[in-house]
Structure formats: C-alpha cells, structure tokens
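Written out below as structure tokens is the structure these notes cover.
Read from first to last, the chains carry the letters A, B, C, D, E and F; within each, the first residue is number 1.
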Amino acid sequence: MVKKRVDGREMNELRPIKIVPSVIERADGSAYLEWGQNKMIVAVYGPKEMLPKHLADSQRGKINFIYRMAPFSVPERKNPKPGRRDIEISKVVGEALSHAVLLEEFPGMVIDVYVQILDSNAGTRVAALTASSVALADAGIPMKDLVTAVAVGKANGNIIADLNKYEEDAEDAVDMAFAMLPGSEEIVLLQADGILSEDEFDKAIKIAKEKCQEVKKLQIEALKSKFKALKE
Amino acid sequence: MIDYSYDIEMVKGRIEKGIRTNNRKDDEYREIKIETGILKNAAGSAKVTLGKTMIYAGTKLEIGTPYPDTPEEGGITVGVELSPIGAPEFYAGPPSETSIELSRVVDRGIREAKTIDFKKLLLVPKEKAWFVYVDIYVMNHDGNLFDACQIAAMAALKTTKIPKIDEDFNQIKGEYAGNLKLEKLPVLNTYSKISNKIILDPDLNEDYATEARLSIAIDDNLNICALQKGEKGFFTQEELKEIIKTSKKKYKEMRKIFEKL
Amino acid sequence: MVKKRVDGREMNELRPIKIVPSVIERADGSAYLEWGQNKMIVAVYGPKEMLPKHLADSQRGKINFIYRMAPFSVPERKNPKPGRRDIEISKVVGEALSHAVLLEEFPGMVIDVYVQILDSNAGTRVAALTASSVALADAGIPMKDLVTAVAVGKANGNIIADLNKYEEDAEDAVDMAFAMLPGSEEIVLLQADGILSEDEFDKAIKIAKEKCQEVKKLQIEALKSKFKALKE
Amino acid sequence: MIDYSYDIEMVKGRIEKGIRTNNRKDDEYREIKIETGILKNAAGSAKVTLGKTMIYAGTKLEIGTPYPDTPEEGGITVGVELSPIGAPEFYAGPPSETSIELSRVVDRGIREAKTIDFKKLLLVPKEKAWFVYVDIYVMNHDGNLFDACQIAAMAALKTTKIPKIDEDFNQIKGEYAGNLKLEKLPVLNTYSKISNKIILDPDLNEDYATEARLSIAIDDNLNICALQKGEKGFFTQEELKEIIKTSKKKYKEMRKIFEKL
Amino acid sequence: MIDYSYDIEMVKGRIEKGIRTNNRKDDEYREIKIETGILKNAAGSAKVTLGKTMIYAGTKLEIGTPYPDTPEEGGITVGVELSPIGAPEFYAGPPSETSIELSRVVDRGIREAKTIDFKKLLLVPKEKAWFVYVDIYVMNHDGNLFDACQIAAMAALKTTKIPKIDEDFNQIKGEYAGNLKLEKLPVLNTYSKISNKIILDPDLNEDYATEARLSIAIDDNLNICALQKGEKGFFTQEELKEIIKTSKKKYKEMRKIFEKL
Amino acid sequence: MVKKRVDGREMNELRPIKIVPSVIERADGSAYLEWGQNKMIVAVYGPKEMLPKHLADSQRGKINFIYRMAPFSVPERKNPKPGRRDIEISKVVGEALSHAVLLEEFPGMVIDVYVQILDSNAGTRVAALTASSVALADAGIPMKDLVTAVAVGKANGNIIADLNKYEEDAEDAVDMAFAMLPGSEEIVLLQADGILSEDEFDKAIKIAKEKCQEVKKLQIEALKSKFKALKE
C-alpha cells in the first residue's frame, strides 16, 4: 500500500497553483496567486527615483520588498501592524528577488514590490516570492531569470514537498523555504526550522529543485497566456 | 495602468457637458461585481469590484469583554487599509487621515442603521461577547472608495459565520454555530460636486476634480442614517435635497444586490 | 402646556455662548469659547512657509487644523494621544474652514489652527469651527466670510437645536454637525449619525440655518468688541 | 504677540544693570492669578496665569491596581503638555524631552513633600486604589513653566473631588464622596542665572538668556524636598546657599496663595 | 578605531588568494573569550568576544500565562540590540530589520534544537509558567554578529538561575531555586561567500565584501536544526554540502566551549 | 562604637570604582566603568556633522547624550524601549557634560555620547557622567576640565556619600546627584529627591565636593594608564 498524505497528496506533490498576472490596473505590474489555500496579490511599482535620496545607491537600483498578512488571513486574527515575522520575511525574500533583477540598469532607483496575503495555509513566503517574480516580469523589469520557490521539509518521518499547516504542526516537522533561479539552479533563498540529518537535507534539496522546475512552468504559462491575450 | 493623463480642467469640461466615461448617467453606478466566501481563514469574506476599483474585505470574530456602559452588548470595528498595492499614492505605514475618515464613515453607516443587533452577540453579561472585526483592503483605487468599501463590508458581514465555542469559550477550529444576522441592509451613496453638477459614484478622474463630496447612508425605511460631507467645496440646501431624493430612488436597486448575497 | 427640554431650553434654543478673541499672547490669532459646558481655546499661527516643502501647494495655501481633547475634558479620562475621532474631526473641520479662507493669497504656505477642548458636553466640533473662524479673523487672515456652525438633530421625537450630552444619549438621537458661510448659505460641514426622515432632515437644516445666523452675530460682536478695545 | 525682538545680549546687559521688565526685583514673582473649579468634567481644575504665562490643569481619578511593592497605596501621575497653542516653537506630537523634564520635576516636588498620603487612596489592599492623573496644558509660554505648572497642579489637586462609587467600584456620575486631602503645601521656585546674577521667576526673554537654571521645592517645614539643575551653565556653592535662603523666605508668601484656594 | 580603509575589491582579491587577516584558515574562528555571571541583576549573563566583536547578554525570568495552544509550557524571547555604542552605523531607535533578522535567527537555532524543555518551565497549567528573556547587546561590531550573539545567548542561558518564588508567585529577591537546564547545546556557524570562496566567521571587512551569507545551526546529534541564507548572492547545492560538512566538523570544537561554562 | 553602613562602609566612603578607557574599538572614545555593582559602557562618536542640518547650531557644537538601561540591568525586567526616566537623565546629564566641552570649537557639529547601563544598584547617572568625561577625553575632545560626579544624600538620619539601593529605600532617604568641574568647583549637575534641611544640604554638598576630588583622581589615573600603555 502506497502511503499518502492527509490531504491525499503524494509525498512530493504540490498543492494546486493558479497564477494570474496583470490584475491590478494601477500598478506597473502585478499578479494574483493561489497555492492551495494561500491567496495573495503582488503589485510592482517602479523603477522610480529613490526617496529620500541618501538611501539611493548610485551604482545600482534597489528592491523594496514588503510582505504583509491581512488580519483575517490566519486562524487567529492578526494585529494589522506588521510584526517581526513580516519584517524578517520582507528582508530575506527581497534579497532573494534582488539577485534575479538586473539592478545595475537602474542606478539610484527603487522598485517597490508589495505582497498582501489574503488567506494562508503554510508556505506563504515561497508563494509570495514565486508570485513576485511574475509581477516583476509583468512590469517589464529586466531579469536574468525568474525566481522560483517552493517549501520542502519533513513531517511524520517523510521528506515531502509543499507542507500544509497540518503537516507543519507535526512533532518532527521541518519547514524549509527554498528558491532558485531555475536556469542556473542558483539558490537564493534557504530558511529552515527543525531537525534534519545531512541525508534528509540532500533529499529535500533534490525535491526542491525538481519542484521549482514544475513551478517555473506555471509561471511561464501564466506570463505567456497574458501576452497571448494581449496579442489577440 | 489606467490612463490619468487628462487633467482636471478636461474632466470638468466633460462633466459640464454631461459626458461621463462609457456614457454613464449622473446617478448611475459603474458595474458592481461581488464574490463572497473566498477566504477560508476569514469568518466572512468578499471581493468587490466597482468599475475598476477593487476591494477585499474579511471578517473575524473574537470574544471580548463588553464595555462598562453596554454590559450586554458585543461590538464591531471597521478598518480600511489603503494598501500600497492599490495606487502609487498609497504607502506602507500607519493609517492616514483619509483611511481613518473612510473607516469611520463606513462604520457609522452600518452601525447607525442598526445592521447588527449587538445584544445578540452577548455570551455572558458584563463578561463575554462577540466582537466583529471587519478589515477592508483597497487593492485598486479607481475612485469612490466609500461606496466600494461599504459594499465589501456588507458582503463580508452578510456571509460571516459565527464560530462554535467550547465550554472554556475557546473557538473550535473550522466549526460554526450559525451565521451572523444582519437586521438591516443600509446602502451608502457617495456623490461628487464638480462644476456645480452632482454625480453619483465618481471614478478616479472625477475624484480628482471633486469640489465637494457627500456620502449618505439610507436604511430599509428610506430614512437617512448617516451623512458625511468632505472636501473644501460646499453644497446648497437644494443640492442636498436633490441628493436625498436620488439616494432614496437608488436604495431599492442597491438593496437587491445585498439581498442576493 | 409648552414642552421644554431637560435643561429648560426651547426646542430651537441654543445654550449660552461666550466668545473672547485674542486670548493667547504668543499666537497670531486666538479665541476662547464657551458653549454651554464646552470650553476651548483656539490658536492660529501663520501664514508661514510649509515644511517639509514637498507638502506645499504652489498654487494656494493650506489650513493645518488640529483638534484635540484634554484627558480631563470628558467624563471618562481620555488617553492623551490623539484618537481616530480626533483625526477625523481635524480633517473634516479643517476642510470646512478652508472654503472660507482666501488660500490663493498664500501659495506654498500653511496656516496652523490648533483647538484644545478643555471641557465638553456635546457639540465640540461645531463650537471649535465657530471659534476657529473668529481666531482666523483675529489673526487678520483674509476670508470671504466667517464660518458659522451649529449642531442640530433629534431626541425623544423632537427636532432640536444644539443637543446636549443627555439628549445625544436618547434612544432615537440624531446628532448633525452643520456649518455654513452665513452670507451665502454655502454648507461646508455636514456630518450626521442616527435615523432621520427626509422631512425631519429638511426641518433640521432649516433650524440649523437660522441658528447659524444667530451664532454669526455673536462672532461679529466678539470681533467688534476687540477692535473697539484696540481703538480705545 | 509678545515682542521678543531684542536679543539675548540686550537681556544680559539689562540684568547686569539690575533692570527687569516692570521694575521687578530679582526675587519677585510676576502677578499670579488662579481660578479653580472651572471645568466640570475634571475632578479638579485650575487656570493659572504667572505674568503672561498661562496654564490650565485638570485632574481625573481612576481606580487601578496598587503596585506590587506598595500594595496598600494609590498613586499620582503628572503630565505636562506643551500645547502648540502656547508658542510657535511647540508642536503637536509625542512629548519632547523638555516636556518630560517639566512633568517629572513638578511630579517630584509634589510627591517628595508627601503632599498626598497615598495610603488614603486605598480601597481594597492589593486590588483597588485611586490613582490621580494631573494633566497640565501650557496655553501661553512667557517663561518659567516650572513654577507656573506646579502652581496649576497644586490648585487643581487642592480642589479635586473624589468620585462616589457603587458596590461594583463604578464611579457614580456627578456625585462625590469628598475632597482630596493635601497633607502638605510644597512650593516650587525656579531661578535663572544670567551674567552671574540669580533671578527668580524668569520671563521668556530671561529664559532665553539663562545660563543655568535651578528649581527647588520647599515643604511646610522649610526643608528642601526636591532640586533640579538644568541648562549648560553652572552654579557655585555660594549661589546655591543664596537660592535656598531666598526660597525659604518666599515660602510663606506662596503658601498663602495655596491656602486661599 | 579599527581601520576599514581598504576597499571591498582589496578584500576580494585577498580572499581569492586565500589570505585572511592573521593567516586565519577559511574554516577557522577568531579567538573566542567568554566571561559569565558578571551582572548581578541578570538571572544569567555573559560577555563574549569573537575577535574584536564584543557582545553582552543577560537573561531575566518572569512569570507569565502560557499560550492557549501550549497550556503546559513556558517560553523564550530573544532580542538583539544593535547598540549605537557598537558601530557608527548603528543608531538609537526601534529595531532595524537587520536586528530583527539577527534576533530571530539566534532564537530559532536555540528553539529548534529544543535547547530548553519548555514543559519544565511550567508552574500551574494554563495559568503560570516561566518565560525567559534573553537580551543581547552588540557593543563592538567587527563582523559575524550571528555567531557571536548565539554564543553570548548560550553562555547567558547556561548560567541562568531560576528565582525562588513565594506562595503568591512573587520572586524572592536574591534567592534562587536552581539553574535553568539546557537539554541541548546547539552551535551556530555563519559563512560568507566572497568571490566564490566560502569562509567561516567573517570579520567586518569580510562582512562588507559578502555576496551571500549562510547561518547553520547544528545540534548534539550533528543534525541541522536551522538554516538562514542572507544577502543578494546565491549558493550552489555543492557549496551547501561543503558548508554542512564543515559545520559538523566544527560542532565538537564549539561544543567544548559551551560545556566548559 | 563607630556606626557603620549596612555594607560595612564609613558614612562618606565610596564603593569601589574601576575605570577602563578605550574599550570599544570602533568608537572614537570609550570607557568601561564599575561603581559598586553598577556596570556600564560609554562610547563617544564625533565630532561629526549634525544631521538633519536644521538642528545644527552654527555658533557651537552640541552634545547628544543618550542614557539607556538594559532590560536585565535592574531587579524587575525593564521594557527595552526608553522610558521617561531615561529621557530626563539623558537631558540633564548631557547638559552637565556640555559645560566642560569646548563646544565653540565645533560649530555646526555634534558629539554623540552613548551610555549603556548593564548592571545597576543606585547612582547610575553620576557613574555615567563620570565615565562619559573619561570617554570624551579618550576621544581627544578638548575640555576645560573633566566632569566628576557622585551621589550624596541621607538614609536613617545620616548624611552619607554614594547611597546603595538598600539605603535609597530608607523611609527618610534623600538621593542627590551632584557633579562639578573639579578644578573650579563649578556645579553642573544637581538633582535631589527627598527631604533635607538647609544644614543637611550644606553638609551633603561639602561631602560631595570632597568625594568628587577623590573620583577625579581615579579618572586621571585611568587616563594616564591608557596613555602610558600607548607609549609602551
């Protein structure tokens, strides 16, 4: 008998993902993303002049990445003010995104990337990163590649892809946020909590890389369908 | 991006000639689309588009202590977030005065119409009652946030489920005791005065050209239950009368939308 | 038997009003106002350069109106930090005041108007607006007219002028803040809470307009007595 | 507006020659006027003018939980608000360090003299006691805010009524159980050192020219109960002695003002 | 002051040639010095120097209410303060995002290794448990704050005494019921990638030249218990493998330091 | 029998004091100080340009003095945010320090002085001031003299020097923070709480002045040992 996960998925099966670019009229680029129960909107504004000017870098542009969760997006109502978790995620996900963008083309400028989580069930940061690179492409920002992200980890003794909240609460749960540039396999995001042996880590990375290629196809399809729609 | 290149004077000129985008009439709303029940962690939720203005609203219920002067009542809190996603002029940070006015006008329209019977939210007198939090996100700003936010709040409230609780008053995850009952279905109508003309549901260009703004909440008995004038211009008494008449006329049309939810 | 109100007033009778201009030596203009139990001081500073400069409007000046309640000015002690109510009132009352001031004469500048409520019993915002236009006149700011404000509304089935706190707590209470330019009858402030029929609204507006003319006389008298005092 | 056009050097020159505005003596206060009981929502209230410096103070009593290390005592909190009404250099926003120093010096003068017996504020040991909030607004700043604020605080406290409460410890609106008792009547005197002269009660021009400032609180037994030196200058031991002597002399004069309230 | 005049390109050039200051090897820590028990008001305390990076850490225990989802557990809170004492680029004010990331990485390394058994901190189920506060001050920043702060946190925790309490759950001043027990001794290792080389424990110049950073926490069983990649560069899978191997090798060396405390 | 204090000290005996300059590599000047149980570090950065510029004084430099207590430095854990006490101490101690520094040599500039209290037991502000003037000297900031500070006061009927926490909690306790320039005996800090007669005050000041001379020697020694170390 083949073991399955609580929601019927295979060990390395992703939850259903839906990506729709160009959903916010006033933004320079945007994307709506569903990933299992997770729902979010990303908007990109810029490149534009960095203000106040003393924060600008005369050599290259900057990504200002802001991740926020709505009060109703989690089981217990969240305070509307950004918490320490929001700020940490904004920092590391923004850094991961920065690697892909050709920032040297925007000296002294900033690109604002805002993510609003509307509903959540584990894995919002990798979903946000995946959606953000679609929104950047939608905005026409030059990038060396998309950034593609997945969570991998461990629950109940199995190394699995794309944990849900129930699995994240397992006694032995490990949640690992992973992102790479799918062309070069350059790893730009890696955050993990929980106990993993070296072998388990290797296995998790292997799955993560495979799954990123799968997610990348969805990103490309979403962008293609937009440009197709534009042509028609 | 929406093209806002034409200037305020051009908008005024068009309004004077009675021309609105898509040949809209002065007392006509843009197309309204509502989806509800879209967010699982929210007790109630809605996505509303009013033309190109896009709003998400979600509700949460929490158990709190009744206020000393209303020991047998729960309560409601409405907050509007002008998310930086929704417009280049919005920014991340504490609520602006625009956001606070918007929150309070939407809140008062709902509260003053007695939309929710706060006594029905009581669990234990003086000790425990349900408090309803309505959080509203402006995701694309193309004008008339007042009415769009009110519709989103009403849609989220009307589809709100009350959590089941155990004997320790802890919410039981994913189980519900029933729906939040809305006693009334108030409608908010917002008007702009531009070059001495009054138009309903201003879009973003019309918002920019607005000299004075009036928001009016009408209840099930066609009474006025809240009013808010804004911006630096003025209204005459005759203009107010005209607005009230229009709003009473619009009430049935809008109510149908809420009834269908 | 003629029905009277709990404090003995007629239905459309205002509480006693006292206005004294020029009470703050260091301000450019000021006024002290008592309106029933309400007591407040308004000070005007400016016109002066708007700082930071990017907030300035090169076409016209701005009114920066700030309304604050002292912790001891209400039955239950108020937190000294401004609340959401203070901020909303500051915005709408400031907008109402702006209509009367000839702002095109002060491009790029700002006029600060500060109101401190010291004691309160319903109707502070209309009292603040009434006092503010006296303080602006006292500061010599050019205006097309004074702004004059009253509250009208409903309690216990009657349409009445100038509700007190007791009346505001009636089951059927409606409180409507109203302000106009007394010369042109241009309505610049209108805020109402509570249920009113169309007829009741018309009646309330009619009373409000009459009462504004009454209040205007008190504003003018206060200003005259000051200039008279100056001449002597 | 008060004319502050003449510069610090001119003030210094005048002080050196022993000239103060209105021929005031070095140890003389400007005229003090006090009105009390002027605000109905306040438990106690006062308007104080010291020359042209104008202060409003109001008190409120609230029931709170005694601190763990003083389980049988209530407490007092003093806050001074430098209202933007009172001077062009004041601004709306969180308390400045000037405002915090002022609050704390006024608070300590009153607290250290044991003006209020905190044990008498107790209602239920460890559980409930009265806490007195004194909020002081500077409405016109013409110098020496320290003494003006202290006088306003004392006047508001001395006329404070203690609310009547029901068996649930809720305050009964508009009813009072008696007056707050002041056990002592401390006086605060503030001195400026300008060009090696020491003057009492500096006005605004003198404030600007001040090299060093000393505030001293004297209690009913002519003891010192609080001291605070401020500004970047210094005092010699002899100057401190002179100040203490003057303050003891002034005590009776000022106490009379408090006694009359 | 430490001389940081040579530029990033020079650091890169040196790293490429395999040259580090003081001939340090790529996987070698700077000298580590630890003093503990140095602060009397703290429940536990440590001063740590890692080369010229200097950290102070102190702990406090307070009784609080367990969280509803862990009714039989206490907890831990780790905060890192980038004191303006420690570097000209640090400033007084609310925590920066750098400080928040640092706090959370140190916290997770300790938490995920199950260093403290939170169940042992329970006093009364659902009602009272010990909460451990670890406050870490960066007093001189010469690079690799992650590892220096983790060492300081571990040293302060390992020497933390649990206060004695009376029957009312009040702490008895200066008396202790025993030591906080550390179940595990996790080690945090931070690596910089510079010009495609991976080096352990970057000093400040190396910090500036870092393209990508990886912090990895290893537990007593040589498992990985936390990972954090930072900065705008990337790692390859091979580089990660290399880092994990080095970290497992370093674990015993570092553990000895913790064991001696 | 000679009366002694609870910790065995004579009435006018100071607790042991240890001062070590130049402890923070990245600072322009610094000092570590122990004074009884009190432990603290001071760092000096500057003189440097005052930003934002409108806060600068074109005639002279400014001292920006910041005093902070660590959460673990007191018996009950302190909130990490600065409280009103921290802000008041920063103001008055900064003013005291300003008198000694030749600020006219740094027009338009600022010198930051940061004090972090790590452990405390009464008298931290005078200890901070004493340490700060050593750190300023260590930074090579020109001063007309050191500033030297001690606490004096009263406990259990005795006028004593350098109260500890236990003595500060006496029924009749008076705590007086005192600082002077030891050369000229110019008094630059004076703060007292609690009831003192004029005679007691005189006696306290006398002790304070003597003790300052004692502390000054320790400051000088600390600085000398540093310069000696440098020469070797």
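Keep this in mind: contacts are C-beta pairs under 8 Å (C-beta built on N, C-alpha and C of every residue); 3 or more make two chains touch, one makes a residue touch a chain.
Model, not experiment: these values are computed from the prediction.
**Q** Give me the set of chains touching chain C intersected with the set touching chain F.
**A** Joint contacts, listed by label: D.
**Q** Please flag the chain sitting at the greatest distance from chain E, going by CA centroids.
**A** C
**Q** Could you work out which chain's C-alpha centre is the most distant one from the centre of chain D?
**A** Max centre-to-centre separation from chain D belongs to A.
**Q** Centre to centre, by mean C-alpha position, how many angstrom separate chain B and chain E?
**A** 48
**Q** Give, as an integer number of Å, the spacing between the C-alpha centres of chain D and chain C.
**A** 32
**Q** So the centre of each chain is just the mean of its C-alpha atoms; given that, what is the distance between chain B and chain F in Å?
**A** Averaging C-alpha atoms per chain gives centres 58 Å apart.
**Q** Centre to centre, by mean C-alpha position, how many angstrom separate chain A and chain F?
**A** 52
**Q** Graph shape for the chains shown, where an edge means the two chains touch. Line, ring, star, complete, or other?
**A** ring
**Q** For a quick check of the interface rule, what order do the chains take around the ring, beginning at chain A and passing next to chain B?
**A** Order around the closed ring, chain A first, chain B second: A, B, C, D, F, E.
**Q** Spell out the residues on chain F that touch chain E in their complex, using ranges where they run on.
**A** 24-28, 30, 37, 39, 41-43, 45, 66, 68, 70-75, 77, 80, 112, 114, 116, 118-121
**Q** Could you list, by residue number, the parts of chain D that touch chain F in their complex?
**A** Touching chain F: residues 95, 97-98, 100-101, 103-104, 108, 112-113, 214, 219, 221-237, 240-241, 244-245, 248 of chain D.
**Q** Over in the complex, which chain D residues touch chain C? Could you list them?
**A** Touch list, chain D to chain C: 1-2, 38-43, 45, 52, 54, 56, 58-60, 62, 79, 81, 83-88, 92, 133, 135, 137, 139-142, 173.
**Q** Once bound in the complex, which stretches of chain A touch chain E?
**A** 84-85, 87-88, 90-92, 95-96, 98-99, 176, 180-181, 185-198, 201-202, 205, 209
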